Amino acid sequence: MLVKASIAGAIVTNTLFMLGASFLLGGLKHRVQEYNRGSARLQAALLFLATIALLIPSAVAEADSAAGAAFTQKLSLGLAVLLIVTYGLGMLFSLKTHREFFGAAEHADAGETPWPLGLALATLAGVTVLVALVSEVFVESVQEAAVAFGMTPAFVGFIVVALVGAAAEMASAFSGARKNRLDLSVGIALGSASQIALFVAPVLVLLSYVMGPSPMTLQFWPGAVVMMLIATLTATLVTGSGRSAWFVGVLVLMVYLVFAMTLYLLPPGAE
Amino acid sequence: MLVKASIAGAIVTNTLFMLGASFLLGGLKHRVQEYNRGSARLQAALLFLATIALLIPSAVAEADSAAGAAFTQKLSLGLAVLLIVTYGLGMLFSLKTHREFFGAAEHADAGETPWPLGLALATLAGVTVLVALVSEVFVESVQEAAVAFGMTPAFVGFIVVALVGAAAEMASAFSGARKNRLDLSVGIALGSASQIALFVAPVLVLLSYVMGPSPMTLQFWPGAVVMMLIATLTATLVTGSGRSAWFVGVLVLMVYLVFAMTLYLLPPGAE
Amino acid sequence: MLVKASIAGAIVTNTLFMLGASFLLGGLKHRVQEYNRGSARLQAALLFLATIALLIPSAVAEADSAAGAAFTQKLSLGLAVLLIVTYGLGMLFSLKTHREFFGAAEHADAGETPWPLGLALATLAGVTVLVALVSEVFVESVQEAAVAFGMTPAFVGFIVVALVGAAAEMASAFSGARKNRLDLSVGIALGSASQIALFVAPVLVLLSYVMGPSPMTLQFWPGAVVMMLIATLTATLVTGSGRSAWFVGVLVLMVYLVFAMTLYLLPPGAE
C-alpha cells in the first residue's frame, strides 16, 4: 500500500511539481524559454502511454467487478514484463539507434564516456532494489513523524515522500531552468517519471514474487489513477509547444496544489 | 443546483457551440482560416487545466465514497481561493508582463486606453455579483417557461440558459470569424469559458458563504463532469493546429449536438 | 453483443495495431519518417470526436443509473443519424471542397478516375450490409473455433476477428510504411477506424430496426469504452508531430498488447 502510494506520488510529483516549478523558476528569470519540442513530445508520449498501461489493471478492476483478484495478479505480472521490455527498447532507442532524438538534454553528458550497457543495467537494477528497501523503511519513519504532525497518510505517501525522494533531481532540473536550459529540466522531469512507470513499478512487482510477503499487483486506489492520468495529460499538453513562460509554470503548479490540498483534506479512512 | 448546471452549461456552450459555429461560419466564407497557434494553445491549456481543477471535488467524491460532505465543502472552499489566485496571475500575465503572448486577439482593443487594474477588478467583481443575482431569477423564469414547452430541466439549464446568456459574446465571435479574424473568435470563446471556470464559479462559492442560504460546493453531476472534460479536450484538440476549415466546425458542433440531444432525452428524474 | 465487440475491436485494432505496426515496420527500414502533419491531425481529430460521440450513451448510462433502456435506445437512434450526417459532410469535405487537405494520402489514387458520388455511396452501403451479414456468420464460426482453443470470447471478438477482418487494409498500410509513404499508412489506419465509428456502427443501428430481432443500441461494455478512448487518444497523441521512428511504433503496439493481454486473461463471465 505504502509502496504503491509512493509510486503514484512520484509520478505525479515529478510530472507536475518538478516540471511546473522549473517553468516558473526559469520563467521568472527569462521572459520566454524555448526548448526542443520534438524531444519533449516524444518523452511526454512515452510517459503518457506508460502511465496508461500501468493503469489498465485498475481500470478493468473498476469497470468490471467480475474480474477477480487472480485476474488482476496475472495481468499485473504480464504487464510488468511488457513494461520492462518497453523500457529496454526505449534505452536502446535513446542511447544507441536515435541518440540525437533526445537533443539538447544530452549535452549534459558531453565529455563523459558512456558506461557499458551491461554494467549500466546491473547498477540500475541494484540501485533500484536498494531504493525499494530503503524507501520502505524511510516511508515508514516519515509516516510516523508526519502523522504526529497531523498529516493524513495519503498526503504523506503522495506528497511528502515524493518531494523528499526526488530532491536531488529537482535541484538539477531547477538549476537547468535558471540557466535557460529547459531541455534539461523537461528531460529530467519527464524522464524520471517515465522511469518509475516503465521500470521501478514493474521491477517491484517482479521482486514481490521473490522477496515480498505476498505478490504485489498494479491495482491502484482510484483517486491515484485519476491523478496520474491528469498529471501525465497535463505534461503532454504543456510540453507540446516547445515554448514556456512563467504563467505556464503557475498553471501546472496549480494542478499540483489542488491534488496536494485534496490529499491533505481527505479523511484518513478514505484511501 | 440551477447555478451549477448554468456554470457547466456555460463552459460547454462557450467551448463547443461558440467555437464550432465560429469555425463553421468563418469556413463557409473563407476556404482555410489561420490563427495564432501559440496564443490559442495557451488559452486552451488554461481552460483545460482550470476545468480539471474545478472537477477534482466531483472526481474524488465519485471515486471514494468515504470522502464525505464536510470534505467536499472544505475542498471546494480551498479550491475557490486557488482558482481566483490563478485567475489574478493570469490577468497579470496577459495584461502586464506578456501582453504580446495573446497576439492578434488584442488588436481589437488597439486605440482603447486600458483601465486601471483596480477599477477593472472592482467592476468585474460587481458585474459578476449582479449577473449571479440576475441569472438566478432569469434561470428560474426560463425554467418555468421551458418546462411548459416540455423541455427537461437539464436541457434548459445546460443549453437554453447558456445560449441566451452568451448571446452578446457569440455575436462578436461570429462576426470576427466572418471577417477572417479567427483569433478574436477563439479568444472570446476560450476566454469566456476560462473566466467562468477560474472566476465566476469560485466567486459564487465564496459568495455562498456570505449571501447564500447554504454554502455551495464544487461537486457537479457526473454527467456534467464528463461533458465539461470532453468539451475542453475537444477545444484543446482542434485549436492545436492554428488552422481551420468548415468541417472542423461541423465536428465540434456535432459533439455539442450529441450533448444537447442527450440532455433533451434524459428523463427528468435522472439529473 | 458480438457485433458490438467487433465494432469496438475494429476501432482499437485499426488505431493501435495497424498504426503501431506501420510505424515499427517503416521505422526499421527508414531512420526517421515524415508525413503530412496537418492531414494526420485532422484525421485523428475526426476519429477522436467520432469515438467520443459514439461513447456518450455508454457514459451517460454508466454515470446515471436513472437513465433507463428507453432513453439509451432513443439516444442511440438520434446519434446514429447525427453520425451518418457527419460522415456524409466529411466525404463532401475530403472529396469535393477541400481535397488538398488530405494531402499526400491522395497521391495513391492519382490516375484513377473518381467514382460518381451516388454510385460510391450506394456501393459503400451495399458492401457494409454485406460485411455486416457475413461478419455475423464469420464471427460465430471463429468464435467456436477459438473457444475450442481456449480463448475467451472477449479476446476473440476484440482481437482475432478484428485482425482477420482488417487483413487487406493492413497489407496496404504496411506496404506504404515500408515504401516510406507513411501518409498512406496513417490515412488507412485512421480512416478505416473513423469509417467504423461514423458509418458502420450507426448503419448497423439503423439496420437493426429493419432487419434485426431487436433494436441495437450504442451502449458498449465499459471496458470497451475505456479501450476505444485510450486507443483514439493515443493515435491523436502520436500523430501530432508528423514524424516517426521505430520506437513510436513500439509504444503504440505496447498499448495494444496490454489490451490484448487483458482480454486474453479476462474470465469469461466478466464481459
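Details
Read from first to last, the chains carry the letters A, B and C; within each, the first residue is number 1.
Assume a contact is a pair of C-beta atoms (placed from the backbone, for glycine too) under 8 Å apart; a residue touches a chain by one contact, two chains touch by 3 or more.
Quantities reported herein were computed from a predicted structural model and do not represent experimental measurements.
Two copies of one chain, subunit A and subunit C, form a contact in which under half of the residue numbers belong to both partners. If you lay the C-alpha trace of subunit B over that of subunit C, the rotation comes to 120 degrees, to the nearest 5. For the pair subunit A and subunit C, the distance between mean C-alpha positions equals 32 Å. Under the contact definition stated at the top, the residues of subunit B that touch 2 or more other chains are 240.
Contact residues on subunit C toward subunit B in their complex (touch as defined above): 38, 41-42, 45-46, 48-49, 52-53, 56-57, 59-60, 63-64, 66-68, 71, 74-75, 78-79, 82-83, 86, 89-90, 93, 97-98, 101, 236, 240. Residues of subunit C that touch subunit A in their complex: 31-32, 221-223, 225-226, 230, 234, 237-238, 240-241, 243, 245-248, 250-252, 254-255, 257-259, 261-262, 265-267, 269-271.
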